[in-house]
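Each chain carries a letter (A, B and C) given by its place in the written order, and its residues are counted from 1.
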Amino acid sequence: MATGAAQGATLPEDQAEVLYHVYDGGGVKAQGPALLVRKSLADRVSLSAQVYVDAVSNASIDVVTTASPFKETRKAWDFSAQTVVRDGTLTLGGSRSTEPDYTATAFSLDSSQEVFGNMTTVNLGFTRGQDQVGRKGVVGWIDEATHWQYRAGLTQVLSPRWLASANFELIADSGFLGSPYRAARVFGAAVPERNPRTRTSRALKLRSLHDTHALWAGSSMRAEYRYYWDTWDIKAHTLEFGFSKYLAERWLVDASLRSYSQGAALFYSDNATSETLYVSRNRQLSAFRSTSVALRGSYTWPGLVAPYSMKLSLGFEFKRFAFDDFTDLRSGQAYSHNAHVLQATVSATF
Amino acid sequence: MHGIVFIALATVLLGGCAVQPWVKPYERERLADPIMQFQRLALADKHREHIHNVREGARGATGVQGGGCGCN
Amino acid sequence: MRKLLLLAALAWCGAAPAAVTLQAPAPDFTLRNTDGRNLRLKEQRGQVVLVNFWASWCGPCKQEMPHLNRLHDKYRSAGFVLLGVNIDEDAQLGAATAGRWGLKFPVLLDTDKTVVRQYDLGSMPATVLIDRDGRVRHLHRGYREGVEATYEQQIRELVKE
């Protein structure tokens, strides 16, 4: 063990986190608990395990107008092992998500390297996923999908009070990329949707985080922009602003504003007036806008003795979705809906 | 021949001339503060990202954190 | 001719100034300790000194403290002095953290960072071992579990001199 050598990275702290999450919007209600546990072994390897449960009750517009409401539960497990290598870390991860008619398995490798006197962090990552697609009422799997993700990122310390980062991700999907239940509309009639069997997407995100101590003690401001484009001709812009402030000794409040807009996929149509190779009425692929405002309050529990520390956190997000070219068949108007997100977290570090 | 030697020498010396890190390890007090982290709650952020991936067409480039204390 | 001048210029900026060099005398400093009294490095001549630069916001610094406490207790009667130099912007927070972490050795407050700038090792924490003649003998950058064994070995050698 070289004593003079500078090693520019440390393993993350040991922690445990419990979350109860709720999403309620557009007729879909998804809620459940999630748990994260992280522990270092001999200061060499940090292991983590996550469990995420999603109980979904789906009475969304698609379901209500073309089928009947249903309930199902999705469970996801994530495992990772992280180790320090010279001036950086290497993380190996595996995940598995299961629901009655879909399973997704993935493994990932991520590397994070500190360079330039710990002022620059370079991240590279790779994920390969394999999904099995099923259909209710059919025994066995009906199809499958493969995903390849490549990530590259750079975080730069610009000043003692300013951090910026740039992240790029390329995702290549192949196989069955739609839903066996969703219908498209051609000449007013419902037909099963036809999606391409490949999709390649690219996204570039720029972020800035500034300590605004000078303006208001104990505060910071965040700005993020992401540009997304893919081979289905979807282009999307995401803009987000965030503000954090310490109130009193134990309270921390975070507020954020998010604006999302996307253009429609090439083969998307609310009501197709020609026969095309691909056609879809999946509103997630249509032109729409989504705006949200979020507020979170966190409280640090004073009672615990060091090195333990515990934090309670409650966050609300209000979202609004407005679709340009998706008709609500019940009203004949362009569809729009609100959504509410609730996140209650208890986290402890050791 | 002289050109190659010159380039080699220049490269070696240029390494030393490169811009020095302008934020010293002892100046990173503000960067070590939790409010200077892009991600603080792993599960909550992952849930939020999941919602966006399901409800929206875009995905990816959520990013991994750097910065911080810079210790060790 | 132009090539030679360019090389000369590059050679000049290739020399980065070394803040603290081995075998050279350790830069002298005077800092206030948590009791309000001044402490001068030069007055420690004749003893082996370990100077550890730390901060309340530095995780590895906190991990290192129990080991520094142990070394302070074990070798203080053998002519060894352990000085913790805190670089927190808020001196009160630095002193309070020293109390919370149970530091048994003298804690000096370097709020305006003049001393840590002099001793810039390019890492946090940073540890400097100085012999009885006031010369810098060992430098340690950062803290990794197990390096305290090396500290102990080096202290024993310097104390025997």
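Assume a contact is a pair of C-beta atoms (placed from the backbone, for glycine too) under 8 Å apart; a residue touches a chain by one contact, two chains touch by 3 or more.
Keep in mind it's a predicted model, so treat the numbers as computed, not measured.
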Centre-most chain [mean C-alpha coordinates]: B
From chain C, the most remote chain by mean C-alpha position: A
Centre-to-centre distance between chain B and chain A (centres being mean Cα positions), rounded to whole Å: 21
Chain B and chain C, separation of their C-alpha mean positions in angstrom: 28
Centroid spacing, where centroids are CA-atom means, of chain A and chain C in whole angstrom: 44
Residues within chain A bordering two or more other chains: 6-7, 10, 117
Interface hub residues of chain B, defined as touching at least two other chains: 20-21, 25, 27-29, 33, 70-72
Junction residues of chain C - those touching two or more other chains: 59-60, 122-123, 142, 144
Chain A contact footprint on chain C (complex, rising order): 59-60, 62, 100-101, 122-123, 138-142, 144-147, 150
Residue ranges of chain A in contact with chain C within the complex: 1, 3-7, 10, 13, 42-43, 117, 306-307
Chain B residues within the chain C interface of the complex: 6, 9-10, 12-17, 20-21, 24-29, 32-33, 69-72
Complex interface listing, chain A residues touching chain B: 6-10, 17-19, 21, 23, 34-36, 50, 52, 110, 112, 114, 116-121, 123, 125, 149, 151, 153-157, 159-161, 163, 165, 167-171, 201-205, 207, 209, 211, 213, 218-220, 222, 226, 228, 230, 234, 236, 238, 244-246, 252, 260, 262, 265, 284-285, 290, 313, 315, 317, 321, 339, 341, 343, 345, 347
For the chain B and chain A complex, residues of the former touching the latter: 20-23, 25, 27-31, 33-36, 38, 41-44, 46-48, 51-52, 54-67, 70-72
